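Attaching a single structure in structure tokens format; questions to follow.
A, B, C, D and E are the chain letters, set down in written order, and residue numbers restart from 1 in every chain.
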Amino acid sequence: MYRLSQSLTDAFSRRFSRTVREDYRQDEAYASTPQGRFWLAVAIVGLLLLPLLLPQYPMFVATQILVAALAGLGLHLLVGGAGQISLGQAAFVGIGAYTSSHLSGDLAPLGILAGGLVAALIGVVLGIPSLRIKGAYLAIATLAFQFLADYIFKRWTDFTGGVAGRKLPAEGTMLGLSLADDRVIFYLGLFFAIPMFFYAKRLLSTRAGRAWFAVRDNDLSAQLSGVDLVRSKLTAFALSAFYGGIAGGILMHLIGAVTPENFVLSFSIQYLAIVIVGGAGTVLGAVLGAFFIVLIPEVLSVIAGAFGPQYVAQLSAWRSVAFGVLILLFLILEPRGLVGLWGRIRDYFRTWPLPY
Amino acid sequence: MARVLLEAQDLHLSFRGVKALVGVRFSVSEGDLFAVIGPNGAGKTSLLNVLSGLYRPQQGRVVFLGEDLAGQSPQARVRKGLGRTFQNLELFRGMTVLDNVKLGAELAVGGYTDLAPKAVQEWKIRRHAEEVLDYLHLSPYRHAPAGALPYGLQKRVEVARALAGRPKLLLLDEPMAGLSLEEKQDLARFLLDARREWGVTLVLVEHDLKAVLELSTGVLVMSYGEVLYQGAPAGVRENPRVAEAYLGRSA
Amino acid sequence: MDFALVIQTALNGLANGALYAVIAAGFVLVYRATSVVNFAIAEFMLIGAYLTYTMSLFFPLLLAILLALPLAFLFGVLVERGFVRPLLGRNVVAVIMATIGLASTLDGTALILWGPDQKAMGAADVAQLPKEVPNLAFSLGGVFLSSKAVWSLLLALPLALLLVGGLKYSRYGVLLRAVSESETAALAMGINAPRVVAIAWGISAVMATVGGAFLAGAAGGGGPGHHLVLLGLIVFPVAILGGFDSVPGAVVAGLLIGLIEAFSQLYLESLLPGITQAIPFLIVLLVLLFRPYGLLGQHRIERV
Amino acid sequence: DAFRDAADRINDAGGIGGRRFELVVEDDGYDVARGTAVFNRIVQRESPEELVFVYGNSTGLSKALAPEITRLRLPYTATSFSNELADPQTYPTIFVFGPTYNDMAGALLQQIRRQRGRGAKIFLCYSNSEFGRDPIPFIKEQSARLGFQIVGEEVTPLAIADATPIVTKLRQAQPDFVILQGYVLTVEPILVRAAREQGIRATFMGTYYSAELALMQRAGAAADGFIVTYHNAYYYDTTVPAVEQIRALRRAKGRDLSYRTTYYMGSWMAMDVIAEAMRRAAAAGKLTRPGMIEALEGLGDYNAGGQARNMRWVSRRLPFTKLWRANVRDGRFDAITDWVDGSKL
Amino acid sequence: MAEINVENLKVVYRGVILALQGVSLRAGAGEAIALLGPNGAGKSTLVRALSGLLPQYDGRVLDGKIVVNGQEANHLPALKVAELGLTAILEGRPIFRYLTVLENLRAAAHKLTPQRQKEITDEIFTRFPRLYERRFEQGGYLSGGEQQMLLLGMALLTEPRILVVDEPSLGLSPKLTEEVMRVLNELRRDKGLTLVLVEQNARAAFAIVERVYVMEQGRVVFEGTAQEAQADADVMEFYLGGAVAGGFAEAKRYRRRKRWV
């Protein structure tokens, strides 16, 4: 009997405690094992070297992924973290893009930062209704925000250039580097993205993250555990918007222009899809999700291209079908997303041959 | 004479015609284990809700450590040292046991601005949380999602979360419901130890009369929002009104 | 102020509002039954309208609408079985995302099946003229009501009211609400939860079809095209204004928003172009800030 | 479809300068970011020297691409007739294969002058998009000059559910002409129907994107008399040589012979012109991008099998169009003018 | 013939957590059995398995047999099980929080004629007057105990032949606990109901059941009549607070639970 209970406890630890670490400090670090640290370093160096290896177009796509991952990550803090759903992330990306379009050239990084900050400020405003409403109601509120933002993007001609949008000068440079070069933009993106990824990971595993999760799971009892609901929700909204805004700034430089079409509902949905497909719960998920979502159209058009031009005409239809079906499949078959899929494979081998 | 920690003065509360509290007054001194009992729907949970700030009484005051709590938000009260567990489990089901307890521990250890994580502080919180987990024999489950634990363990995690904040006064809403006798005894032990070692004063709402009578230092019996009896545990069984409203024929 | 003009604008607003009401009522019904916010509601309208169109190639238009309804019901049930059922009980985000995925899938499928351009009811070829329902347009002392408006008021409004009545007075109403809260609990009480839910989805698809076919212009030429999806977004403001979980609320709010739109188009649009499109969403934000439960919504229970 | 047909014809005729004409098609689903991505990919994949012409879609995309196009000096056109694009100062390599929206509006105004003269009352109804707003200032300015009266103005979303509010305004304003701009047959049918139902007698007018048979199909009898501008040939107009070419090709390839849209015809025309320019450039031994621009500019009286008046560019556009009136009984648009120059008022 | 037979039942959650590891038990027609056990023993799991609701909790029967009324019910969906006349009252007070008390009862009575429904509802209200007072209140606002009463009322309205109850006295005052036990006992007597009672309040349970099972770690570790159980030293110590253990205040410090062999 005792052995049995022991094995039950073991089953728990196997599933939930990864490896038992000697000391709490190790348990709390980013990558607590030497291997972990090694792979992290490899990944970062790899990213830094990437532009030297790849030609322009793949770099363009890589930067797109970076942008999507940042915006998705921001949304992840809000959705996966604080459990507040938002269908307005594209609007924040837009706010960031428009703001930063006013400060380009040598000031580009500052412009991007400003974009993030302005977005964060507006994020706080959008967060206010979340103090009173949740779930589906909030989703609709953010949907409304998304539409109103679109309305303003199109109307406030002085700031946004109206329906026509704004265009960066073709020959813009930053510190002597051409801003038309996608590799330069990629580095610009990395400059923001790497610290922001670590920061997000850190936040989620410390105080702010705990407070968000608590609010997500049970906001009433979160209050009674000393969590300041107002502050917690508003920071989540502000941060999420900030990440979106920064992504917008980078996107603006990547395309070289801002027009309202880039910030419509379908993009908000795409960012949400990144969170879902990547797997709510981890920072890594946002990256994987962005990879996936950005690459689907690329892959599809390669396939369609192989069949010949007559199929290209229907491509956008097939793309929406593929996008939708993928989301549904993930939700139904692997709710924990790509990260979960990976975890399951790992678990399977770890517990194989005795799954129980 | 120990210091008076909490004082409820003439609390009134009603919901669309239902009277949940009618002029309830009592006081709890430091080191007490104050029990509140009464039939179902008597207003016990409502009383705790008023104390912890979830309901606003229509009349009356709550004084904690000599300060009137009127108008203070629930989380402000918790920060002042007024901890709480719930009748129906209100754990953060998706978080691990450890994170649940850490969240509580922040209250005791002191946090930091949440946007600027500090590793040192985080380790302190962790150490403190582990101590409480150890104490309540929850360490093996620290990485399990709280929602997947059996009911009894979840109750214990809830106690752990509240205790980790080192409250001065802990409000417990039926912590023993659904536990077997042996487990009740274990829990009683934990509570008594916490009281002794950490100086936590306890307010206990409970239906297990035997436990209440054996553990408490003072008892308040409520029925339909009114106070039926207040005093030493020994007097509860003798009181005819209590017997009629609460105990039934077996008394 | 021109009195006849005001009356006419009001009537037309109501006629349009009746269509919103019927769609939103179905949408809210699904929310009540499954707590699912169906972001694919606009696609339900689209599919419904295309079904009507396809039937109208073979039958007179009125009959075509009637024949499309059972198909739509079946479609609703299939969607529920295929995509919603496996996700019940998951968190809100997941379910919302699933309906968004569904929307995208349906959008693409419709595009592949029926092509990108707008269709005309009952006309398979550009050379044909559209089929039409009997012309019921009338004019009375300066007030003019188009045929489409009359048909909307005549068909959609009673349908919406029927649903409201049915929910209130039939036993199904209570069961539906019970199931919506907790399927597990309902199953434990022996309630056939899956069936209740499937029926709710079916009804919702039927109502979306009626609304969609009329918005697309069944009663007045024109026909389904993908712009219908844009028109379908109005459902969300309507539902929020009504209270989101209240079917009667949705009906009232539908009519109200129809009115507001009509008057805004008449008086505000020339001052602030684009405002008519934005107004429903402004209403959403205002409602959520000042009256989160809308006109007739239920308050959320929060007690420990 | 049109691109493929046109490419087939060119290649069947032996290609250009002995080389096969290759068409690279990418779809962007009208999404600027994706369009930009696709463009970059094409530029990457095709060695830029061989890429001599790009055909894009929306105005937004064209603008986003403009700097890059300018840098590469890449000849470009799009299915947009925005005034801004047809400006050789800002966009030295962009060609607009037809009149701009201003030219189209100009042609309509000429018609109004012909029909009614000074004092004509005009009502403007346009969508709240760049496309919708594009010619509006021009129309207002010219109307003032020509002594027309703008009696009302309505801005709507691209798609509407109900036209009654607009018709109500029409009844109040009592215009002689209603000019619709910026829709793709989403609003026109609903509006003319509602207007005719309510006894509005005004003449409705629209530009290129209204000039499609589906207008009659959706609006039914109400569409009769609707006046549009259109600068290519209709598919049913067998007197035009290009139409004959198309039909012959499709018959030969076993493709379906039913009606082709105006969009098809326009695309065919563009391809035909581009191929001709390439031929000439190849003949001159300059099948390069600058060579292409030169060849395009020098096309002169080439008329693409009757699908255009000629290729005399007026600041990189062709300001000529014809006016057509919808004839519901026959299910076609009847030409009511010959070529008119929309820029001359 | 309303009886339950469980043979060697094994249940896993999420494909990894083995909650029942071979449980066998039996309740004959009209018989009442009690199920005791510490937290996590698997009592609620057994209830879920019996009512066919395991899938709702991400669990599944791995092995073994459940026979209800002579019909095998291992993999029957919940609805079919309900049709066999088995009603389960689940853990966690699963009432419909947004329905009023009356509507809750109406929802549960969906199979009854209005006449019959009224009869039973009246009976419920006489037994639980507190519920009658709160009949127009939404379930979510009721106190814990009131919800428990409502739940029992709902179960009665399904007219079960087999009733499986998970901790009915949870959170009830002594007086009401007694009332609930009396109701259950009367039902059994009057309607020949088969009763499976999961209960921590052993003393109250023993008073109305014939036989007792004690579970631990997903297994049955004791089985016997109510008398035998009361005589057993371990049951005595752990569930009845017998002579061996002192009161709450003196309970030995962190006794480790003695393992059943």
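Please note the rule applied: contacts are C-beta pairs under 8 Å (C-beta built on N, C-alpha and C of every residue); 3 or more make two chains touch, one makes a residue touch a chain.
All of these numbers come straight from a predicted model, not from anything done at the bench.
Under the contact definition, subunit B and subunit C share the contacting chains A, E.
When every chain is reduced to the mean of its CA atoms, the largest separation from subunit E belongs to D. In this assembly, the chain whose C-alpha centre lies farthest from subunit C is B.
With centres taken as mean Cα positions, subunit C sits 33 Å from subunit A. In this assembly, the C-alpha centroid of subunit A lies 41 Å from the C-alpha centroid of subunit B. Inter-chain spacing, taken between the CA centroids of subunit C and subunit D, is 36 Å. Each chain gets a centre from the mean of its Cα atoms; for subunit A and subunit E, those two points are 47 Å apart.
Contact with two or more other chains is made by residues 17, 141 of subunit E. Residue positions of subunit A with contacts to 2 or more other chains are 12, 15, 154, 220-221, 316, 319.
Residue positions of subunit C with contacts to 2 or more other chains are 274, 277, 303-304. Considering their complex, residues 51-53, 56, 78-79, 82-83, 87-90, 94-99, 103-104, 106-108, 110-111, 138, 140-141, 154-155, 158 of subunit E touch subunit C. Only residues 89, 171, 174-175, 177-178, 181-192, 194, 298, 301, 303 of subunit C touch subunit E when the two sit together in their complex.
Taken together, the subunit D residues at the contact with subunit C in this complex read 128, 153-159, 161-162, 164-166, 168-169, 172, 185-186, 189-190, 193-194, 197-198, 213-214, 216-222, 258-259, 328, 331. Of all the residues in subunit A, the ones that touch subunit D in their complex are 55-57, 60-61, 64, 154, 162-165, 167-170, 180, 182, 251, 255-257, 259, 261-262, 266, 297, 301, 304-305, 309-310, 312-313, 315-316, 319. Note for the complex: subunit A touches subunit C at residues 79, 83, 85, 128-129, 132-133, 135-137, 139-141, 143-145, 147-148, 151, 154-155, 220-221, 269, 272-273, 276, 280, 314, 316-328, 331-332, 335.
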